[in-house]
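What follows is one structure encoded as structure tokens, with my remarks underneath.
Letters A, B and C mark the chains in the order given here, with residues in each chain numbered from 1 onward.
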Amino acid sequence: MTTAPALSAKAKPKANGAQQKLWAFASLIVLLLFFSVASPNFMQTSNILAILQATSVNGVLAIAATLVIITGGIDLSVGTLMTFTAVIAGVVLTYAGLPFAVGVVAAVAAGAGCGLISGTLVAKMKVPPFIATLGMMLILKGLSLVISGTKPIYFNDTPGFDQISTGSFVGAIIPAVPLPNGVLILFLLALAIGYVLNRTVLGRYCFALGSNEEAVRLSGVNADGWKMAIYALAGGICGIAGLIIASRLNSAQPALGLGYELDAIAAVVIGGTSLAGGRGSVLGTIIGALIMSVLLNGLRIMSVAQEWQTVVTGSIIIIAVYADMMRRRRLS
Amino acid sequence: MMNRRTLFAAVSAAALLASTGFVAAQDKPYIALISKGFQHQFWQAVKAGADKAAAEFDVTVTFEGPDTEAQVDKQMDMLAAALAKNPAAIGFAALDSQAAIPMLRKAQEAGIPIVAFDSGVDSDIPVATATTDNAAAAGLAADKMAELIGDAGKVALVVHDQTSRTGIDRRDGFVNRIKESHPNIEIVDIQYGAGDQLQSTEITKAILTAHPDLKGIFGANEGSAIGVLNAIKETGRSEVIVIGYDSGAAQKAAIMDGSMAGAITQNPVGIGYETVKAALMASKGESVPKLIDTGFFWYDKTNMDAPEIAAVLYD
Amino acid sequence: MTELVRMMGIDKHFPGVHALKSVQFDLVSGEVHALMGENGAGKSTLMKVMSGIYQPDGGSISVAGKTVTINGPRAAQDLGIGIIHQELALMNDLTVAQNIFIGREPRLRFGRLDEASLNAQAEAIFAAMKVRIDPRAEVRSLSVAKQQMVEIAKALSFKSSILIMDEPTAALNDAETNELFTIIRQLKSEGVGVVYISHKMDEIKRISDRVTVMRDGAYIGTVQAKDTPINTIISMMVGRELEAVHVEIPDLSNAPMALEVKGLNRGRLVRNVSFTLKQGEILGFAGLMGAGRTEVARAIFGADKRESGEILVHGKPTQIRTPKDAVAAGIGYLSEDRKHFGLALGLDLRDNIAMASLPRFGNSFGVIDDAKLGATADGYIKTLSIRTPSARQELRLLSGGNQQKVVIAKWLLRDCDILIFDEPTRGIDVGAKAEIYKLLQSLAAQGKAVIVISAELPEVLRLSHRIAVMCEGRLTGILPGGPATSQEEIMHLATLRTDEPTGAIA
């Protein structure tokens, strides 16, 4: 047993991964450069912050979707779950008048709870993830409307609630960088979940389940339990997204959320995570989410007609995934 | 990830598309309109009015809106992008007034005047509001309904949603007028179909089944009204009086062939036109009236072709 | 020698099947105990009971003399029972070390993983096994043989005293098999008891001490491997003596040419391959793993794009760019992986048979003539003697041998007169093998041109009229079939490398 081969062997997969992320990042840079040249209004601090702000909610949802997709599943309920947790925060803070922290905990806990229900349906009752989360998506949309009384719930009585998304902790320290807190939360969450995926038992089982669930089971691992835990974690993350969007709009909008799951899944896929499971990264997802919002913002800044914006976005999704597949094929 | 060259090609293509619709815009004043929607005929008519004003006053206008009226945050992103372009003025139809206020305040600080359209913004930031009095318009629909069913019997409402201002105003406008002035009419059901024709069709069929003696249905926007018409056609319950809202080819045809008794029309073209006009005036520092009532009309077979009505209807 | 496991009167029912009928089995330390039987005899089921995957309906299990209940894979691991499954149970996207320690990752506090210790431990296991595998390599990037080694390492990492191997050599070549046997012998000497499931008789003789035979879910008997002739074991398995076989080579000198391949090239594994095939002939393709036999077949069939080379079908140059072209030219390819490429296991037998020829059963509106389809399927069930309750049986419920016959029927129906069989008897039990052989011979006798690719030399020798041998992508020779050719001659050609490496570097 020597450590020398260990060190030399370590370099290879790392280099591969780094190369992949470099590509994704390069694409993002190319987009940024392109729009900077195309319009003088694009590359200004306020617009960059607007892009980041626009990424915060989709980015957080996409992180949740990434976890589930790596296990080989899919979560269609992230959008309406986000709304549901926002409504829960509204009920706790505005209707019940409980302290700020209780609202935050309630939203995240509600998210985790709903995720656990999805996870139980998928892992224990063997309902296909597509169906289980489609059901949850509709249930949560309905419950959001029921609980809120079909009206937006405003957070006017909770001072500081809007700071979750729109305030700037960073700006208070470095006035030149007024990074909104919603974006800060996105980045911190990305770091945390990236760590969880790569360095913890939960993350390891996440990849293992997506790679070969039967093998995990046969290895004597409590596969169902871990899967439920992953769905619950994803749900909790949706709760964070719920807080960010509620803070940004200073209200819980009960009718919102449908369709957001597709944006999240698109970001995940652009980021190179395989829908077949077993492969993926949070960094890729964040870059995917950024690519989507940079693209949309840039097209708007260039005053591209709205009907063409969606055509271009759709094309970019296909091109991105196709290019990624081609590159992988060349490598293998 | 993405291949650099393919990406660049795609974006270049996008730029090309953009440039076709964006020629020599530099010197003209630029006005951004952020609407509540985009793909419905109503909003396209607002856009047509805005484009008309743009041509008349020689300004550049862009028009954008989210896919559904629930996507409050997407509308914020659109507003943010519009602000980055440093427009002369912004026309804004708020999906949620409160949520928009921080962003509007930013515009105010940057000296960009805001003109609200369609529904108001609960704030003193907008220099003017170009809108229809939806409650009064729905009240007129209620009066017409009463007249057509003999001021007694059961009626139902199919509304696009229960959270937006227009949804609430039209529903309440109709319901309150019935309560105040037509005590013999009973409102048996109010359902929401997201303005989606198919959903509204299914909802209406359920209402028709539940109430065999139903006399009339009010569809509170274009999609809802068409859904109601579809359901009447599918069930053959042609005795039920249908009143719609807004216009569009389908509703116009239905009124012509008698399957719809009549409808309320706003003046969407006028809304778009007045918004751009007021925005331009405000950007030049001229004073504009705080409230621009763009009006509404009852139209049916008898007056559809009258010039003042035909002018505000759209296909 | 101490007793490791004793299973008594094990019973197991599945819906509609009595899978185990009061079966007994025992294992002592330091022995290799082979478990044999035809497919469906209950070997794997019994081992799944031992490793906690199935719960028995009756009977008792004792480990080291103590009666136990094994209620899950975890419990089995805790008792020192490790199993290497027939279908490799690995996670392709994870690294070797991550696979080995799945479920038992060395942890730091707060559920964090100790990756360094993980890799070091894996490295230690491979060092002990004297196998060179990088613990950080993704399993996806390893050969099947290496993946097999990972499975063994995983089982060893449990400090298992009982190791169950379910057909571990199915995908290994001779050198790899030898490596595996070295490891098994080493384990034996350390007192590990190994349960060894295999269909390969020569392996059983080489490695095992005792042999237990099962048939139709029942225990037949246990014999000493050394003193029991192979035929006895086979007759225990099939319940009858096997007749001796000899190859009859027909005179094909006047037979018309079916297929001519000239200068075929594709990548590293198909290099300037030329051969001919006559109607009524069976041409065997022999060679070691990775010699390029399958690749030649795929290039001919148009499944992989060829770089150069000419293909003549019935004397006419034929452009084959896709499998569709090949099928149109009457070439059928029966891939080695039936489940992945050849069959739709969820569909019934008749739909599978008709899959390549479905338009023939449709009228001009595309409506399928069910009666005609049924009659055709029934015809093939009869002529190929496919054992199935009906043509409506879902394919996944048939045995491997019968599935193979369905693939054959599919291509026969498509009027293919050149049939390429890639490992036609892989995963098929002894009795069914003989039937497949008979079927191939009768196909040739009817004038079909047949290519058989097989890693098992006895199979090639038994079937082929001529034997083409490949090594590293080249055709190194074509030998006559029958007793004129020995296994040694084939092995010589199979290892005939063009540029012999100088020195002893492997």
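Everything below uses one rule, namely that a contact is a pair of C-beta atoms (placed from the backbone, for glycine too) under 8 Å apart; a residue touches a chain by one contact, two chains touch by 3 or more.
Here the structure is a predicted model, which means the values were calculated and not measured.
Engineer: May I ask which two chains are joined by the most contacting C-beta pairs?
Structural biologist: That would be the chain pair A-B.
Engineer: Please flag the chain sitting at the greatest distance from chain B, going by CA centroids.
Structural biologist: The most distant chain relative to chain B turns out to be C.
Engineer: Just the number, please: Cα centre separation of chain A and chain C in whole Å.
Structural biologist: About 44 Å separates the centre of chain A from that of chain C.
Engineer: Between chain A and chain B, what distance separates the C-alpha centroids? Give it in angstrom.
Structural biologist: The answer is 33 Å.
Engineer: How far is the middle of chain B from the middle of chain C, if each middle is the mean of its Cα atoms, in Å?
Structural biologist: Distance between chain centres: 67 Å.
Engineer: Can you tell me which positions in chain A touch chain B when the two form their complex?
Structural biologist: Residues 20-21, 23-27, 30-31, 34, 38-39, 41-42, 44, 46-47, 50, 53-54, 57, 145, 150-152, 154, 156, 162, 166, 245, 248-251, 253-259, 270-272, 284, 287, 291, 293, 296-297, 299-308, 312, 315-316, 319-320, 323-324, 326-327 of chain A touch chain B in their complex.
Engineer: In the complex of these two chains, what residues of chain C are touching chain A?
Structural biologist: Going through chain C, the ones touching chain A are 53, 72-74, 76-77, 83, 85, 89-95, 98-99, 102-103, 105, 107, 110-113, 115, 119-120, 123-124, 127, 134-138, 154.
Engineer: Going by the contact rule at the top, pick out the chain A residues touching chain C in the complex.
Structural biologist: Checking each residue of chain A against chain C gives 1, 3, 5-6, 9-10, 12-13, 199-205, 207-208, 210-212, 214-221, 278-279.
Engineer: Which residues of chain B touch chain A once you look at their complex with the stated criterion?
Structural biologist: So the residues of chain B touching chain A come out as 1-4, 6-8, 10-15, 17-18, 21-22, 25, 38, 60, 62-65, 67-73, 76-78, 80-86, 96, 98-99, 101-102, 161-163.
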